[in-house]
Amino acid sequence: MTIDLIIDVDSLAARVPDGAKIALVKTTGGVPMDLVRALIRREVRGLHVVCVPTGGLAVDLLIGAGCVETLETSGVTLDEFGQAPAFGRAVRAGSLRLLDATCPAVYAGLQAGEKGLPFMPLRGLLGSDIAAHRADWKVIDNPFGDDDPIACLPAIVPDFSLLHARQADGHGNLYVGDTREVLLMAHAARKTLATAERISDGNLLEDDAMRAGVIPNVYVSGLAEAEGGSRPLGIPGGYVVDGEHLTLYAEMARDEDGFGEYLDRFVFGRKAAAE
Amino acid sequence: MTIDLIIDVDSLAARVPDGAKIALVKTTGGVPMDLVRALIRREVRGLHVVCVPTGGLAVDLLIGAGCVETLETSGVTLDEFGQAPAFGRAVRAGSLRLLDATCPAVYAGLQAGEKGLPFMPLRGLLGSDIAAHRADWKVIDNPFGDDDPIACLPAIVPDFSLLHARQADGHGNLYVGDTREVLLMAHAARKTLATAERISDGNLLEDDAMRAGVIPNVYVSGLAEAEGGSRPLGIPGGYVVDGEHLTLYAEMARDEDGFGEYLDRFVFGRKAAAE
Amino acid sequence: MITAESGPTPTEGGECRLEELLIDRIAGLLEGCRHVAVGVSSPIPGSAALLARHLSGGATRVSVLGSRHLQSFTDGGVEIFDLAAQGRIDAFFLSGGQIDGSGNINLVGVGEYPTQKVRWSGSFGSAYLYYLVPRVILFRLEHSRRTMVEKVDFISAPGTSDRNVFRPGGPHALITNLCLFTFDRDVQRFRLQSIHPGHTLEEVRDNTGFDFEVPSGFGPVPATPAPDASCLALIRGEIASAIADPYPKFAAEVLGHTAAA
Amino acid sequence: MITAESGPTPTEGGECRLEELLIDRIAGLLEGCRHVAVGVSSPIPGSAALLARHLSGGATRVSVLGSRHLQSFTDGGVEIFDLAAQGRIDAFFLSGGQIDGSGNINLVGVGEYPTQKVRWSGSFGSAYLYYLVPRVILFRLEHSRRTMVEKVDFISAPGTSDRNVFRPGGPHALITNLCLFTFDRDVQRFRLQSIHPGHTLEEVRDNTGFDFEVPSGFGPVPATPAPDASCLALIRGEIASAIADPYPKFAAEVLGHTAAA
């Protein structure tokens, strides 16, 4: 079990079939950029991407590279580096099936998935155009209330949660500290494929101080070591976002040609250089 | 804020009025025994005790001392030391309002409380006598299913969660490590009153390794230092249960006289000795 | 959740203790499981799960509640229930102060609820896990008309449910100090599978308050097979050593484990 | 969630920058709050919340998302939403690519959904927090007929709800580069409260696509008061220093904070 678990990043990417539903966490806490680049290189198609609960560079790259069919998100943004250009183009072109959400609705769907529940109720939502366009959400009368409508959201169960951990061990346990949304993602998904800054000796679960921040290996079905695997994004307790690179991306990706050049240079080129 | 927060155990107990709904965690992870003894000394009455999700010595003591009106629990037991004697007597005497539950139902109710939701759905339960005796639970048809009944459980919102942490800081942050049910309890309750093995300098939230296991002070409204405050029970990362004491309790509490002697010696006496 | 009332009852000329026979047999019931969870106070089921893990070459994951090293939960007490509802746990153990012929279990008490003359601890996770875990193994070491009743006084969790109730799980087998039953979900009854060495069908019948199926036409009910020598050595060696983490007393007194081993 | 499009627009003879006026005024709107939360990319609301905390003598708790030191969440991204639903957050800030006269906000885009000609980031937490946080302050530094519209193209979150909708929260005020509105939940309209120094009612009207209430009978609409000297010193000193944790660039360039201070 332990031996099969640990492979390289491209082998992880090979395990994600076309049409898979994948979850990716928001920019600040564990986006597996190396794995995302490997997915683009392997030309994965038809993905349903669940942003937990928002997306950034990784999602914009996957969209621009033509990997995404459905996007479920509360927002896509490059933060202080501007709007996500490939996302905007795809929306205008009508090439994405959009499931616009709001952050707590994504969490609620994942929590239902985590708990093996068919749905979770959630306040808010009623009367918004978000809810109006989500035929998969339903409104019931709160059984404990009196004329009290409340939304119910179906479980979100990704086929794969893809994440980058700051540390892992040889048993496949992942240390993610207090970025609990990553733990939630891993719980909700059928399988979790992870990269980690480093794979250490020993067992993270035996470390009393770290244990509270560990995703146990029961959820993890593939792991690859990838130092700097979140770059040019940051990882808590590691490195911070590379602002120069994000500025460059925002500029290059403004049109399709520039986006293509970016891929050549930083996605396909990176691979070529490594070969 | 910081100064008012830190008081002594008896002052904490004084903040819990008669009739309050209090939550106490299961035996293995943070039962505030010193505080429970202080509640008995102050002769609190009419408590609604929510066991998270089961109870042991603390609950048996509170019941035997006449503090409890309603008991919401998935079980009360002294584990390898036998049945809980005061609980059994109270059931036979009909002096307790019993809300028998099952462990995940207690968690689900607390999660609804944590999320400000009116209810949470939960699988299982249907057709059990547990459900038959819980008029506060309802069954709805799963809005995403077809003839698929599912139970809905109302939020559990304790007035006070009472807990013992292995460490705290002067800001009122509590370190509970991976005993997440204690965090859930604190989230769900209106207020949390805590004791801690020790109150350390600095800020636990600034410690990257510990942060994932911290209950932040936003939930905490009273804190007292109480070294050994879980004894004779244990605290993870600290001491283990005192089997000799539990054996003695199980013996003494077999009848009411013995139970009274136990209180005199270990609850009231303890206080007397300290004065 | 499991009340282990194991005594030192040797079987077959003292070669193998009842506990060892049960450990071996339960491990057999766990074959093919990806993940077996074991509740607190369950040394025999825990040992059986560890044996099943060994026999699977490590393919079977075991989570022993209450043990720090034999479980890997990091989301608090709720995690085992979430895993079960997701279908990530294949087998679990439950017991009952009373168990009836429809597989209903009672962990609450005897008499009319709520002011019962005998009150047990409570239902713990049973009213949930019994519905969701595919192979629930009922384990009770007191096989008598007091425990094996026609109809339980209180249904902590029912053995079967209406067709429209979401219920991937339920009773798989019932193992006692006398015999092994399997549960037939179609007819909603127990079927006697084997009788432990030294006991008889008559003894089982005398001590069981409910009707059960007895396989007919193939001779007498078979005896529960005892573990062979290599399996026994395994139980007394590697398994005893592993179960000593949560259950040192059991490992030492029943399986003869010494701390030095 | 807040798009801060702040420029270096000095007011009243260069004494006080627009940002400082806004920080002071927003802090006033936060008076009496136990807990103010501030979303990402919101340096002005963040500074205002810190000022409100200071003025409350520490009674007001401030949580700044995206900052490590100015928030204490340990349960992941969901915790702020759980706190809001519990009524533990009294004030939050939202913005909108479009805001209309009924308080509806649009963070999604312009044109017919889903293939919109202009697509913004998305609704983030607005379709939840707008319902649950009692004092939501709408903040937008571009006050024009492009942003302040008669009817939004897409309702990320509505300004008001039917009577039977659980809604303890909603719009409290709208503050722009031109003026401050409050929202009257009874008539479901904005009411002009004050106009920032250097601007006029006519300018506000010309740049607003929706109708709003103008208080009448008490002379002209008052000017938004500028912070006094001691408050300005506070903003440029202690507040600048605190907001430099999440927003070093803003603290330096707008509030003149130097790392050494």
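Letters are used for the chains, namely A, B, C and D, taken in the order the chains are written, and counting of residues starts over at 1 for each.
Methods note: a residue touches a chain if its C-beta (ideal position, glycine included) is under 8 Å from a C-beta of that chain, and two chains touch if they have at least 3 such contacts.
None of these values were measured; they are calculated from a predicted model.
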Labels of chains that are neighbours to subunit A and to subunit D: B
Message: Contact counts by the stated rule: is the higher one at B-C or A-C?
response: B-C
- request: Considering only mean CA positions as chain centres, point out the chain farthest from subunit D.
  value: C
Statement: Separation of the C-alpha centres, subunit A versus subunit B, in whole Å, is 37
Message: Rounded to a whole Å, what is the gap between the Cα centroids of subunit B and subunit C?
response: 30
- request: State, to the nearest whole Å, the distance from the C-alpha centre of subunit B to the C-alpha centre of subunit D.
  value: 41
Statement: Listed in rising order, subunit A residues that touch 2 or more other chains are 116-117, 122-123, 148, 150, 178, 180, 183, 211-213
Residue list for subunit D, restricted to those that touch at least two other chains: 74-75, 81, 85, 132
Message: Graph shape for the chains shown, where an edge means the two chains touch. Line, ring, star, complete, or other?
response: other
Field: Chains that touch, pairwise
entry: A-B, A-C, A-D, B-C, B-D
Query: Inside the complex, what are the residues of subunit B that reach subunit A?
result: 116-123, 138, 140, 142-145, 148, 150, 152, 154, 177-178, 180, 208-213, 237
Subunit A partner contacts - residues on subunit C that touch it in the complex: 35, 58-59, 61, 69, 72-75, 81-88, 132
Message: Touching residues of subunit C toward subunit B in the complex: what are they?
response: 40-41, 66, 74-78, 81, 85, 107-109, 113-117, 119-132, 154-158, 161-162, 164-166
- line: Within the complex, subunit D is touched by subunit B residues 1, 114-117, 173, 183, 187, 205-206, 211-218
- request: Sort out for me which residues of subunit A touch subunit D in the complex.
  value: 26, 28, 52-54, 73-77, 79-80, 83-84, 87-88, 91-94, 96, 98, 100-105, 107, 111, 122-133, 147-150, 178-184
